[in-house]
Amino acid sequence: MKLRDRNGRIQFGRWEFLIQLIILLNLFAFAFETLPNLSETWRNYLYYFEVFTVSLFTVEYLLRLFLSRPRFSYARSFFGVIDLLAILPFYISTGIDLRAVRSFRLLRLFQLFKLARYNSAIQRFHRAFLIAREELILFGAVALIVLYLASVGIYHFEHEAQPEVFQSVLHSMWWAVTTLTTVGYGDSFPVTLGGKFFTFVVLVIGLGIVAVPTGLFASALSQARASEQAECSENLRD
Amino acid sequence: MKLRDRNGRIQFGRWEFLIQLIILLNLFAFAFETLPNLSETWRNYLYYFEVFTVSLFTVEYLLRLFLSRPRFSYARSFFGVIDLLAILPFYISTGIDLRAVRSFRLLRLFQLFKLARYNSAIQRFHRAFLIAREELILFGAVALIVLYLASVGIYHFEHEAQPEVFQSVLHSMWWAVTTLTTVGYGDSFPVTLGGKFFTFVVLVIGLGIVAVPTGLFASALSQARASEQAECSENLRD
Amino acid sequence: MKLRDRNGRIQFGRWEFLIQLIILLNLFAFAFETLPNLSETWRNYLYYFEVFTVSLFTVEYLLRLFLSRPRFSYARSFFGVIDLLAILPFYISTGIDLRAVRSFRLLRLFQLFKLARYNSAIQRFHRAFLIAREELILFGAVALIVLYLASVGIYHFEHEAQPEVFQSVLHSMWWAVTTLTTVGYGDSFPVTLGGKFFTFVVLVIGLGIVAVPTGLFASALSQARASEQAECSENLRD
Amino acid sequence: MKLRDRNGRIQFGRWEFLIQLIILLNLFAFAFETLPNLSETWRNYLYYFEVFTVSLFTVEYLLRLFLSRPRFSYARSFFGVIDLLAILPFYISTGIDLRAVRSFRLLRLFQLFKLARYNSAIQRFHRAFLIAREELILFGAVALIVLYLASVGIYHFEHEAQPEVFQSVLHSMWWAVTTLTTVGYGDSFPVTLGGKFFTFVVLVIGLGIVAVPTGLFASALSQARASEQAECSENLRD
C-alpha cells in the first residue's frame, strides 16, 4: 500500500532505490572532480562513471517514454523535462567543443531533482506552504523592506568612516544580509557610535522578522500533518 | 469582496499595483544613485525618473485630497502625512541649496511606507502583537537588562586585558549586542579565561531571552489567524 | 483591580513608576562613569546623582521596614535583602578605603532587581518554567554533554595543527561554546579536513539541542497564559 | 513510585547519584589532563583518581553481571556493553604499551553514556523523535541537498576570485556549512558581487530549512508529553 501514491504508481521499489544511490554517487563524483590536484587515473575513473550513469539514465528515460500510457506523454511532464535535462548536457558536450559547454555542466545538478521525484512527502510541505502562504509572503516583503532600510541607514552612518566597505547603498546591502541573518563574517561591520547603535536597533527589529516565518512554517506543517491524518481516516471509513 | 476592506474602500486595483511598482523602482533608483562611479548620463536618467515619480505622486496626493469625503480630511490622516513627506523633500531640495538638504533625502524613504498602505494583512500582525503584547514588552525589558548586566560583567573581566576594545561599559555594550544576537563579527571578543566563561553563562541565559519572543509572536500570529477565520464565518452567517 | 496582585498589595502607583525611572537613570549613570575621558565636572554630577539616589532608596527602605505588617519582617524578605544590597555598598565604600571596595560596586547592579520587583508578570514566566522544567533541565544536561564531547573531539582533530588555539580540552571548550551558539567570532576555527567535518556533525546535532529549549519555553508560556485566563474566569464566576 | 520505571527497576537511589557525580568528576579530570603545563604532582593525583574510578566501575560492573536475573544477561544488554567499554581501555592501556593505546582513551568518553542511563526522561525524547521522524528525515535530506547546491554554486562564483579558499566543491562545502548554520567564522566568505547575491539567496532558502526542524521537534515533544500524561491517567484508572 505504502509503495503506491494516489495515482497508483509504484514509488519505492528496489530499482528506484538503486537509481537514487547512483544519483547520489554521481553528485559526489561531480564534487570530487573539481579537486585541483586530481591524478589522471582518477579523472578517467570519474569519466567512466559519468558515461555509465548517463547511459543508465538514458535507458530509463527511453523506457519511461515508451511505457507512459498516452505514449510520449511523459516527455511533456515536469519530471520528463528534468530527466531530459539530466542527460542532455552530456551528449551536447561530447558533440560540440568541450570547453565552451563546460559551464552548462552545472545543469547536471538537475539530476538532483530526481531525488525529489520519488518522495511523496513533499506534497505535505506543499500543503503547509499553502496554509501559511499569505503570512510568509508578507513576512518576506517586510524582511526585504527592513533589509533595504538597514542598508540605507548604515550607508548614512558608515559611508564616511569606511568609504571602502560601505561604498554605496548596494554595497551596504551585503552588511545588511550578513547581519540580519546573524552570520556576521566580520568583513563589514560598523565602527562609528551611530552605526553601532543603528545596528542594535536593526537587529532588534530584524531578528524577529527573519526568524518568525520559520515558526509559522513549522506550525503550518504540523497543521498539514493533522489534516492529512483526518483525510486518511476518512478514506478508511469509505 | 476581497478587494475592499471593512470601510468599503477599494484596495488593490491595477492603478495601485502600478503605483507600488513605481515606488519599488524609485527605491532601487535611490540605492543605485549612491554608487560612487556613476556616469553623468545615468545620473541624468535617475534624475528624470525622480522628477516623473514625484509628479505622479503629487497628482495622486492632490486627487486624494480633493476626493476625500469630508474635503481635505485626507491631509490630517496618517497616510496623508506620509504621502506628503514622500513628495515634500523634492520641492524643498530644488528651492533651496541642494547640498545642505541632501541629508533630508533620507526622508524619501517614507515613500516606502506607501507600500504598507495597500496591504490589509498588516492588520493581522497588529492583532497578533496585541495578543502577545505583555510578554513581548516584558521580554524586551528583560533582554535589555541582560544586555546591561552582560556589558558591565564583560567590562569587569576584559577591561584590563583589552583596554582599547572594552574602554567602558558603553563600549562593552557593542560586544553584548553582537554576542547575544549571535552575529559575532569578530571585532570584539573576550580573551581572558574569566571573560570566556562569563560569555558562556551570558549566552546560555541570553539566547533564550532573545529567541523566545520570536516563538511567542509566531504562536500569537496563528491565534490571530484562527480568530479572523472565526469572525469571517460569523459574518457569512449573518 | 489590575494594580493589586493576589495579596492585595498596590503594585504600580506613580511613586513606584518614579522609582523605576530613577533606577534606570542610575544604571545609565554607572555605565557612563566608566568612560575613560570623562571630565571632572561630569564626574561630580554623577557623584551627586549617586548620593541623591542612595538617599532616596535609603528613605524608601526605612519606610518599608517600619510599615511592614509584622514590623521588620521586610528585612528578611527576598526584596528586603535586595533593597539593602542596593544601598549598602555606597555606605561601605565611603567609610573604608575607596579603591579597594571599588570592585564591590558591581553589587550596585543588584539595584537592577528592583525593576523586577514591581512587575507581576514574572509570575507567569515562573509558571511556564515549572511546566517545562524537566525538559529544560534534561536539554541543559544534554547540551553540556554535547559541549564536552565537541571539545574533546575538536581537541583531538586540531591540537596538532593549531597547538596555540586548541591547547587543551578546556581551551577547546571556548571553540565549542562560540560554535554551538553560532556566534562564531572567528578567533578559533578548525583548519584540518577532519576538524571541519567534525564541526559539521557537531553543528547538525548541536543546533537542535541548543535551539529546542527556546521553542519548549515559548509553548509552555502560552500554556501558562491559557491556564491563567481559565483561573481568572473561574474567579469571576465565584 | 517515581524512582522506578516500567520494568520495576530502581532508578535514582543515593548510590546512583554518587556514581553520576564520580563520572562527572572523571570527565573533568580527563579535560584537565590535557592542559599542557600541568605539574607532575597533579598528573599523579589525576592518575590515582583514574585508578579509583575504574576500580569502582569494575566492582559495579561485576555486581550487575552476577545480580542480573538471567545470570550474565547483563553482558549482552546495551548498557552492559557501554559499562564494559568504560572500563576496558584502562586495563588494555596498562597491559600493553601506554603511548600507542593513548588514542583509544577517547573511548573513555563512553563513560559519559552512563549518565544517560539513569534518566528515564530520554524515553520521551525518543517518542517525540518517532512522532516527527518523517519530517525530520525529509528536512535533513533537503538540508543536505541545499548544502550541496550551495557548495556547487559558490564554487562557480568564487573559484576564480579566491582560488585558495574555494579550491573545489568539497572545499566550498566548509563555507556552506558555516554560512547555513549562521556561524560565520569569517575564514571563508564571498567577495564577488555574484557570490554575495548567491549567498543572500542561499541564506533566505537555507535558514528556513535549517531552523524548521527545531520547531518541529519542539511541537513533537509537547505532543509526546500530552500522550504520556494521557497514558499515565489511564494507568491510574485501571
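Letters A, B, C and D name the chains as they come in the text, with residue numbers starting at 1 for each one.
Operating definition for what follows: a contact is a pair of C-beta atoms (placed from the backbone, for glycine too) under 8 Å apart; a residue touches a chain by one contact, two chains touch by 3 or more.
This is a predicted model, so every value here is computed, not measured.
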Look at interface B-C and say which pair in A-C, B-D or C-D is its repeat, using the rule that over half of the contact pairs are identical by residue number. C-D
Regarding the chain C and chain D pair, does the interface count as same (over half of residue numbers shared) or different (under half shared)? different
Whole-Å distance, chain B centre to chain D centre, using C-alpha means? 41
Taking each chain's centre as its mean C-alpha position, how far apart are chain A and chain B in Å? 29
Using the touch rule from the top of the page, what residues of chain D touch 2 or more other chains? 182-186, 211, 214-215, 218-219
Residue numbers on chain D that touch chain B, as the complex places them: 182, 184-186, 215
Chain C residues touching chain D in their complex are 134-135, 138, 141, 145, 148-149, 151-152, 155-156, 167-170, 173, 179, 182-186, 189, 196, 199-200, 203, 207-208, 211-212, 214-216, 218-219
Seen from chain A, its contact residues with chain D in the complex are 27, 30-32, 34-36, 106, 109, 112, 115, 119, 121-122, 124-125, 174, 177-178, 181-187, 210-211, 213-215, 217-219, 221-222, 225
